[in-house]
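Across the two complexes that follow, subunit A remains constant while its partner is subunit B and subsequently subunit C.
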Partner chain A sequence: MYHLLPFRFEPLNDHYDILVNEVGDYLIEPLGTAHQIANREINENEELFKDLTANFFISETKTPALIDNLASRYRTKKSFLDSFTSLHIFVLTLRCNQNCIYCQASSRDKNAKQSDISSTDLDLAINLMFMSPSTAITMEFQGGEPTLAFEKLKYAVEKTEILNKEFEKHITYVLCTNCINLTSLQLSFLKEHNILISTSLDGPEFLHNQNRGKTDGYQNTIKGIQNARDIIGHDRISALMTTSNESLNFSKEIIDAYLQNGFSEIFLRALNPYGLAKDNIWDDYNTCFLSFYFKTLDYILELNFKGIRFVENFTTLFLKKILTPFCIGFVDLQSPAGIINSVVVYNYDGYVYASDESRMIAENNDYSFQIGHLSDSYNDIFFSSKVGEIAQVWSNESLAGCSDCAFQAYCGADPVRNYSTQGDPYGYRPKSFFCKRNKAIIKHLLLLMDEHPEVLKVFKSWIK
Partner chain B sequence: MPTNIILSKIHNIKNECLVHVLNSETCYVYSLETKKNLIDSNNNAQPFSFYQNSDSQYIVLQDFSRNEITPGSLFFASPKGFFRKVFEPKSSDNVLFITGQCNNYCIMCSQPPILKNDFSFYEKLNSLIIQLMPEDTLEIGITGGEPTLLRAKLVDTIRDIYKRCPNINIHMLSNGRAFANKKYASLFGEFNQKSLLMGIPLHSDFHSTHDFIAGQIGSYYQTMIGLYNLAFFEVAIEIRIVINKQNFERLPQLSSYIFRNLPFVKHVAFMGLETTGLTIKNKKSVWVDPIEYVSYLEKAVYEISEWGIETSIYNIPLCLLKPTLYRFSKKSISDWKLSFAEQCQCCLLSEECCGVFSTSKIQSNNIKTFQ
Partner chain C sequence: MFSFLQVDTSTVSFNVDLKVFNEGILSKVLYWISDKYIISWKNESDIATITIECKIGSISKNDIDILKERLSQDFIDFKTREIINQETKTIRELLLVKAFSATDDFDEKCLFPMTEELL
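Let's turn to the complex of A and B:
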C-alpha cells in the first residue's frame, strides 16, 4: 500500500491521462490510470510504480523520505518570488506617431505634450524603483512611442546610473519603440548606455501597414531596425508581433518576413482585450488565434527540421515550465500572478499601476488596478489594502477551476484579464479564454512531444 | 646503461617506506613512520644510487620488467617485499587511496571492501605522497573504499593537496551518503571555488533498485539528500552510472530524473562494468552485454546531453556502441588497467577506442574489428 502525494490529472485525449505532480513533472499514461492510482491498484513490481514513486506522485511512507528535496524543487519553481518586483515599466508618454488598429495603449496625437510624464513624477518613479528589494532590475520604457519624449528617457537613464552608484543593482534597460523616429544621435545614446530595443513587426509589408494604419510604416520600421542594428548591434534588438484579425491568415508570410529581416525568433502574441483592442469580436478571434498558433508552430517546426533555427518564444515559455525544473520570468504565466510581484508600471499620469494591462484599462476610466500615486510612499503603494485585495485572487492554487487543474503548474493567474474580460478579478474558468487558450496550447505541446521525438529535440534546443 | 631502470623489489628494509625517484640513477627513500629520509641518519637528504650492489641494506635491483621509472615517480615498499607504484608524474590517473573500507557493498564492486582499519596507514602514505608530488601536478583522484569514512580528516587531506598544488584538479569518488549530514557536506563548501569534482554514483531513480545495487537499504535516500546538500554548498558534482543488469532498462528514466531533480550536476558518466571482484561472484544478477542495453543507453545519453549537461560514456569499446554514441565515448581506462582484445589488433578505430579492462574476467562476445 502506498500514500498519495499531491498531483493533478485529467484526460489528455481519448487514450491518455496526463498526471502532473506538485512541481510540474508529468506522466502520460493510459486513460484510467489516475483512477487506478487513487484506488491503490498499482503493484510495486510495475514500472509505473517506480515512475510514480521516483517522481513524487506516491510515497511508500506517509511523509516521503526526500520531502526536503521536493521542497527545494518547489522553491525553485517559485523562485521568481524571491526578490519581488523586478520589471519596472516607465510610460514616458502616450503620444505616438502610428495609428495601430489594435492599439492596446490608447495612444494620443504626437503633439499632445500633456500626455508626457512630468519631471517631478519621473524622479519619484525612479526613487520607487530603487526601493524594490530586487537586486536585478529591468527598467523598460514604453509609450505611446517613448522616443517622442527622448529627453525624458535620457534624463531617466542618466539619473538612474548616478543613483545606482550607491544602490549597485544590476539594471537592464529596454526601450520599446517602433524604430521609426530613431536618429543616429539617439542610437548612439542607446549604445553608450547599453540599452536594448524591443520593437514591433507584424509580418510582411501589406500586413504591417494595414495593422499600423500607415502606408509607409513597414518601410520606416525596417529602415529603423537596420539603422539600430548597425549602431547598437544585431543581437541588441528583438521584435514582437501582434496577431490582428488580418494576421490570422498569414502564418507562413509572417514567419518568412521575420526570416527575411534577419530575425531568428518570434513571439506569437494574441490581441489582448485592452484599450482600443477591446472592440474586437472576441469569441471568433480567440478560436481563430488557436488555429493560427498551431499552424504557425507547424511551419516553424518544419523550418527547424530543415536546419533553419527559428524559435517561437511563447511556446518556449510553456516548454520551460513543462520540461525544466526552473521557473520563468514571464508575468502572464505566474502564480502568484506577475502583477506587482514581478512588474509595476509608473504611468505618465503620475499614478502607479499593477501591470501594463492595468494602465491600459485606466484609459477607459477604470482605475481598479491603480495602486497608488507616485508621490505615495513605497509601503503605501506596494502594501496597500488594494494590493491585499488583489492578492486574494492572484494564486491559481486557491482559485476555483485552477486549484485542481492538471495544468496548474504550467499556467498562471491573471486577475486583471479576468476583470477586463469577465468583470470580476476572480474569474470564471469555464468561460475564460485565457484558460481555454492556455489549456489547448499546453495539451497540444504535450501531445506533439509525446508522439514526435524529433519535435521534443527541437523544443529542447529552444530552451537552452 | 638503460635510461629507464626497473625496480621490482626492495629487500631488507625494516619499515614501510616510500621511494622517491629523482632521476634514472638516484632516489630518496623515506620512512612512512617518521617521514625521514632513511639513507642518512642526520636527515641530510642524500641521494641514493640504484647502482649499489645487490647486498645493499636497502634496495636490490632486479629484472627490467614492466614498470618504467620516470623522474618524480613514487613507489611504496614494505619489509615483506611488497612493491608498488603510487605516483607517476606524467599520468592523469594518480590517486590517493584513503581506505579499503566501505559502508556500501555494491553488487558490481571491482574492489570489494575490506574490514581492516587501515586509516592510519593510508594517512601516513598519502601525506608523504602529497609532500613529495610535484607542485605543478594537474590532476589527482581521491578514492577508496569510501573516502568519507575518514570523516573530517579527509577535509584536511584535501586542504593539504591544495596547499601543495594550488592549481590541481581533484576528482573525488564517494557514494555520497555521508553528505546526508548537512554539517559534514558544509565542510566541503570550503573548496567550491576550487577545482574539486565529487563523483557520486546514482544507480537508479527508484530507491529499491539503487539500494539493491549498493547493497545497503536506505542508501538511495542518503545519497539523494547528500547530493542536495553538496549542491547547497555549491560543490561541483559528477553523477556516475555503472550500467548493469539491474538498472539498464530504466536508464532513460534515470536521465530524465537527473535533469529534473539534479540539474546542478556538471557531468554525467555512463560506465561499462569492470568484470572483476564482486561482479564475478554476482555474475547472474550483474553482467549484461552492452549490445543488450545500447538502445537504452542511447536514449539516456541524448536525454541528458540535450539539456546541455556534459555527458560521457566510459569503459565501453566503440564496437559495442552505436555510431551516434561515439562522440560521447572517452578513453577512460587507466593506463595500467588498459588492454585490447585480439580482435582489436588490426581494428581501424583502436586509436580512438577506450579499449577494455585488462582486469576484466568477462568480456563481451561481440567485440569486433572495424576494417
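Let's turn to the complex of A and C:
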C-alpha cells in the first residue's frame, strides 16, 4: 500500500488526464488514472507506480525520504517572494504623441504638462524604490510617452546612480517608448546609462497605423527603432504588440512584419480591459483571441521547423513554469500575485499603485488599488491594511475554482483584473477569461509537447 | 446523483446522497455550472435536492444529456480530489513548513532606519 502526496488533476481531453504535483511536475495518463491512484488501484509492479513514485505523486513511506528535496523545489518555485518588490514603474507623464484606439493608460495631449510627475514626487518615488529589500531592481519608465518628459527621466537615472553608490543594488533601467520622439542626444544618454528600450510594434504598416490613429506612426516607429539600434545596439530593444480587434485577422502578417524589422521574438499580448479598451465587446474578443493565439503559434512553429528561430514570449513564460524548476518574473502569472509582491507603480499624480493596471483603473476615478501617497512611509504603504485586504485574495491556492485546479502551479492570481472585469477582486472563475485563456493555452501546449516531439524540441530551445 | 428529472422547459432537478458526496463536494460541482444556471439546494436528512434553472432560454434534451454526463464526472472527480486533499493535508503542511522555515531573513536593519534617513 502506498501513500498519496499532494497533486491535482483534470481531464486534458477525451482520452487523458493531466496530473500535476505540488512543484509543477506533470504526467499525462489515461482518463480515470487519478481515481485509480486515490483508490489504491495501482500495483507496485506497474510502470506507472514507478513514475508516480519518482515524480512525487505517491510515496511508499508516509513521509517521502526526499521530502527536503521536494520542499527545496517548492521554495524555488516561490523564490520570487524572497526579495519582495523588484519591478518599480515610474509613470513620468500621461502625455502622449499617439492616439491609440486601445489606449489602456488614458493618455493625454502631448502639451498637457500638468500630467507630468512633479520633481518632489519623483524624489520621493526614488527613495521608496531604494527601500525595497530586493537587491536586484528594475526601474521602468512608462507613460503616456515618457520621452515627452525626458528631463525627468534623465534626472531620475542620474539621481538613482548617485544614491546607488551607497545602496549597491543591481539596477536595470527600462524605457517604454514608442521610439517616435527619440533624438540622438537622448539615445546617447540611454547608451551611456545602459538603458533598455521596450517599444510597441503592432505588426505591418496598415495595422500599426490603424491601431495608433496616425498615418505616419509605423514609418516613424521603424525609423526610431533603427536610430536606436544604431546608437544603443540591436539587442537593447525589444518590442511588444497589442492584439486589437483589427489584429485578430492578421497572424501571419504580424509575425512577418516582426521578422522584416529584425526581431526574433514577439509577445502575443491580449488587449486588457482598462482605459479606452474597457469598452470593447469582450466575449467576442476573448474567443477570437484564443483562435488568433493558436493560429499564430502554429505559424511561429512552422518558421522554427524551417530553421528560422523565432520565439513567442507568452508561450515561453508558461513553458518555463511547466518545464523548469524555476519561477518567472512575469507578474500576471504569480501566486501570491505579482501586484505589490513583485511590482509597484509610482504614478505621475503622486500616488502609489499596486500595479500598472491599478493606475489605469484610477484614471476612471476608481482608487481601489491605490496603496498610498509617495510622501507616506515605506511601511505605511507596503504593510497597510489595504495591502492586507488585497493579500486575502492574491493566492490561487486559496481561491474558489483555483484551489483544486490542475494548472495552479502554472497560473497566477490577478485581483486587479478580477476587479476590473467582474467587479470583485476575488473573481468568479466560471466566467473569468483569465482562467479560460490560461487553461486553454496550457492544455494546448501540453498536448502539443506530448503528441509532437519536434514541438517539444523547439519549445526547449526557447527556454534555454 | 440520482432522480435526475426535467421539471419544465428550463429546469431540471436531481438528488444527491450526502453520505456519498458531502456538501463540500456538492458546492464545488455546482460552482462550475453557476454561470449558466440558477441553483436551489434543499437538504432533507442526508439527501440534497438540487434544482437548476437556465438563466437564459430553455434546456433541450441534448443539453440535459450533456449536463448529466458532466455532473456525473464532476462528482467523481471532486470526490477524488477530496480524498487526495484530506489524505495529503498533513504532508502538504509539512512541505510548506520545510520550504519556508529558513527563509525569514527579512532584514529589518536594512529597512527601518533607512525610512527616516531617506525621508
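Basically, the second predicted complex is superposed on the first by the 464 of 464 C-alpha atoms of A that agree within 3 Å, B and C clash if a C-alpha of one lies under 4 Å from a C-alpha of the other, contacts with A are read in each partner's own complex, and residues count from 1 in each chain.
Heads up, the rule we're going with is that a residue touches a chain if its C-beta (ideal position, glycine included) is under 8 Å from a C-beta of that chain, and two chains touch if they have at least 3 such contacts.
In this text, all values refer to a predicted model and were calculated from it rather than measured experimentally.
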Sharing subunit A, do subunit B and subunit C clash or fit in the superposition? fit
Should A:326 be classified as contacting the first partner (subunit B), the second (subunit C), both, or neither? first
With both complexes overlaid on chain A, does A:401 touch subunit B (first), subunit C (second), both or neither? second
After the superposition on A, what does A:72 contact: first (subunit B), second (subunit C), both or neither? both
Between subunit B (first) and subunit C (second), which does A:457 come into contact with in this model arrangement: first, second, both, or neither? first
What is the contact status of A:45 with respect to subunit B (first) and subunit C (second): first, second, both, or neither? neither
Kindly classify A:379 by the partners it touches after superposition: subunit B alone (first), subunit C alone (second), both, or neither? second
Which chain makes contact with more of the residues of subunit A, subunit B or else subunit C? C
Could you look at A:61 and tell me whether it touches subunit B, subunit C, both or neither (first, second, both, neither)? neither
Superposed arrangement (fit on chain A Cα atoms) - minimum subunit B/subunit C Cα distance in Å: 13
Shared subunit A contacts, counted only where both subunit B and subunit C touch the same residue: 68, 72
Hey, which residues of subunit A end up touching subunit B in the complex? 25, 47, 50-51, 53-55, 65-66, 68-69, 72-73, 324-326, 457, 460-461, 464
In the complex formed with subunit A, which residues of subunit B make contact? 205-207, 209, 221, 224-225, 228, 250, 253, 257, 259-261, 263, 302, 306-308
What residues on subunit A touch subunit C, complex-wise? 3-11, 22, 34-35, 38-39, 62-64, 67-68, 70-72, 74-75, 78, 82, 124, 127, 130-131, 133, 375, 377-379, 400-401, 404, 428-431
Which residues, counting only subunit C, touch subunit A once they are in their complex? 28, 31-35, 73, 76-78, 80-81, 83-85, 87-88, 91-92, 94-96, 98-100, 103, 106-107, 110-112, 114-115, 118-119
